[in-house]
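Letters A, B, C and D name the chains as they come in the text, with residue numbers starting at 1 for each one.
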Amino acid sequence: MKAVSAEEAVAMIPNGARIMVGGFMGVGTPERLLDELVRQKKSGLALISNDAATPGKGVGKLFEDAQVSSMIGTHIGLNPKAQQQMLGKQITVDLIPQGTFVERIRAGGCGLGGVLTPTGVGTLVEEGKRKIEVDGKPYLLETALRADFALVHAFLADYAGNLSYALTARNFNPVMAMAADTVIVTAEHIVPVGVIAPDHVVTPGPLVDYLVANG
Amino acid sequence: MKAVSAEEAVAMIPNGARIMVGGFMGVGTPERLLDELVRQKKSGLALISNDAATPGKGVGKLFEDAQVSSMIGTHIGLNPKAQQQMLGKQITVDLIPQGTFVERIRAGGCGLGGVLTPTGVGTLVEEGKRKIEVDGKPYLLETALRADFALVHAFLADYAGNLSYALTARNFNPVMAMAADTVIVTAEHIVPVGVIAPDHVVTPGPLVDYLVANG
Amino acid sequence: MDAQTIIARRVAKELRPGNLVNLGIGIPTLVANYVPADLKVFFQSENGLIGTGPIPEQGMAHPLLTDAGGRPISALPGAATFDSAMSFGLIRGGHVDITVLGGLQVDAGGHLANWMIPGKMVPGMGGAMDLVSGAKRVIVAMQHAAKGKSKIVARCNLPLTSARPVDLVVTDLAVIAFPGGKATLLETAPGLTVAEVLAVTEAELAIPDAVPEMTL
Amino acid sequence: MDAQTIIARRVAKELRPGNLVNLGIGIPTLVANYVPADLKVFFQSENGLIGTGPIPEQGMAHPLLTDAGGRPISALPGAATFDSAMSFGLIRGGHVDITVLGGLQVDAGGHLANWMIPGKMVPGMGGAMDLVSGAKRVIVAMQHAAKGKSKIVARCNLPLTSARPVDLVVTDLAVIAFPGGKATLLETAPGLTVAEVLAVTEAELAIPDAVPEMTL
């Protein structure tokens, strides 16, 4: 784990990178990294995020100047800019069920090739997917999902990179922190080692590559 | 969630039941329920447990008087009684990789039909299993595993059934608490609602059917 | 009583002590308002909470505690938070006793369409497909008709949310279940006759000997 | 220096700052004793801990804090605990930088057999198959020969632990890697010649121009 500035962290992300961003409607999103992605005008981003948040909030900021070229998510209903760009075919959007979304990312982080889910069987979601029967019940084979970078927001981070999360800001952050080649974290509070008790650590330090320092 | 005595809890378990028992070498095992299974002489149990512990400890107690008829686990190397019964064909033992064991239980608890794992490909473990390629890489399809009863040991349980675990006694308990028709819990301490902060609850109360009361 | 209130009140009567309940946005959210104070149920918010409480008092909201729409909520004593993998493990794994969702169409076989209108903007299915596939009991809370057209249809022409049929539909006019895979009229709204309900329902409904009025 | 000490000391030299390391039982466990005090590595115990520390002092052991063999351990400041799904997610997902395991046989292609001897009592593979399949780097720490027979064999006749070849084998006599899928002698134990190692090795070994002695 290395402490860096938000500027240094985002400078590592090339245009066209595949990025996972934690958060649910902008709650639990690393806003400082999003602001910096905007400031550094990163473009052609392949975004993996539950939703498109709202304009000006969380990943919603990336749609203001069309920095996203493709998105995998579950819902973009509350961001008109993302919708316009999807309808105008400026971005391709792959909308998938939320439980499938999180399991695919978990599989990517846990070295699984995929999972079998009943969700989507008999719907449009099954198009182009392998259907596999187990004990006579049909499931869709949903494959693992990984990214070049995961942008994660924690509540507490200690000097060793251990992370804990608060309330509903946990959401996709812990699974994304396992599913990317490089994991960059912001935290509401950076605290000494030992402040987060071992049983309360959700993301162990060795998973974190870069922690954005205060100031 | 209903508070019961250990005697009442175990009385619900019929002979021949399929039971999952938390713990790793007896650490994090609900000993009071194991003692009661012995006292009530339950027989023909289909045991799902990581290991056979050691004689007289944890699930090891069930092998003293041959109460187990079959076992799915990952290792029985430290319980000579379990080994004798396996070699004597008194019990059938299905030994599987530990990562596969826990993912199969998780799948059972999370409504997945199974997972694709690279573990075991090209080894004896792949016998009789479907091999599935994803992006040119082979995986074994490992199916979901559930039980009639999960016997779970927590560190703290509150009056609403919320559970938290301590140190390495967490192990298989949280996944098993999701993968059985009936979940019975013992805890080191029963505490008022609110003592376990929402962010520190690992197993939410609605998953727990019975909590074994003190005394 | 307006249509939404009828629906929300009637759905609230389906909740049992100890139930883990997930309420979708729209009419389903209103159901929480009509749960008797002495009935202990748990509400799940799929963004990672069991124990959802009412909108917090002025000045008590926390930006990291919201519902799935991003609106501030409170957490009751005994609440538990978790990540999205756990949240959908609970949903897909059948640990949610009741999910209440809105609907665009439900057909005579109980199939629900509620996420997509071809040709229109598709916002995404969010958690709806997992909820309908996985919850122990699926209740659809919706108006009986929209723009004069029955939403209880012979066969959905909108894309399905799940191949799994729902368990109960509660509208402002009727309560419908699907025993044996066949749409069956269980109750009518107060003051309505069976014939009046049938007249505005596209799907064929089985009519039991007794069809009482809803008690609200 | 005895065989075990040679092996453990040499393996310890493979650890890099920040590595997440899983040590198997037996010789691998000894590796922790030879990690320089100023080298910050994290040890994982697959029963649910990162930050394993030494055996606790008298009276300080806690019955709920043990290693995968059930023996009391301590946890260092900054330790983290988790359930088995997470533990094996870390292992299978490639988050463990180095796993050190014992071996029964390693063959010329780097394949490891370490969990089963047909006809003998099979205790179970525990976490070994996941560790070999998933860790970023797999190091086998074992004696070069057992009962006078080379454990570095042409081809494993014992059942494999994984189809994936290991990265490094450290024995009391040699260090062997598998560049291009071919067993290659990298180092000999202090005082041993290449010829002496070859004489007790069943597998054919490629010999680079320079084969230095281990520094321990």
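The rule we apply is simple: a residue touches a chain if its C-beta (ideal position, glycine included) is under 8 Å from a C-beta of that chain, and two chains touch if they have at least 3 such contacts.
Keep in mind that this is a model prediction, so the values were computed, not measured.
Under the touch definition stated at the top, chain B and chain C share these contacting partners: A.
Contact tally for A-D versus A-C: the pair with more C-beta pairs in contact is A-C. Chain centres here are Cα means. That of chain A falls 34 Å from that of chain D. Note on chain placement: the centre of chain C and the centre of chain D lie 55 Å apart, centres being C-alpha means. Separating the centre of chain A from that of chain B, both taken as means of CA atoms, is a distance of 32 Å.
Work out the mean CA point of chain A and of chain C, and you get 29 Å between them. Taken residue by residue, chain A touches two or more other chains at 103, 106, 110-112, 117-118, 155, 165-167, 170, 198-199, whereas all remaining positions touch fewer. For chain D, residues that reach two or more other chains under the stated contact definition are 49, 75, 81-82, 85, 88, 91-92, 133-134. Across the whole structure, chains are in contact as follows: A-B, A-C, A-D, B-C, B-D. Taken in their complex, chain A has these residues touching chain B: 103, 107, 110-118, 130, 132, 134-135, 137, 139, 141, 143-144, 155, 164-167, 170, 198-200. Across the complex, chain C is touched by residues 1, 106, 108-112, 158-160, 162, 178-179, 193-194, 198-199, 201, 204-207 of chain B. The residues of chain B lying in touch with chain D in their complex are 24-28, 50-51, 53-54, 73-78, 83, 87, 95-100, 102-103, 106, 117-125, 155, 165-175, 202.
Residue ranges of chain C in contact with chain B, taken from their complex: 18, 20, 42, 49-51, 75, 77-82, 88-95, 97, 133-134. Those residues of chain D that touch chain B in the shared complex are 45-49, 62-70, 75, 81-85, 87-88, 91-92, 116, 121-130, 133-134, 159-164.
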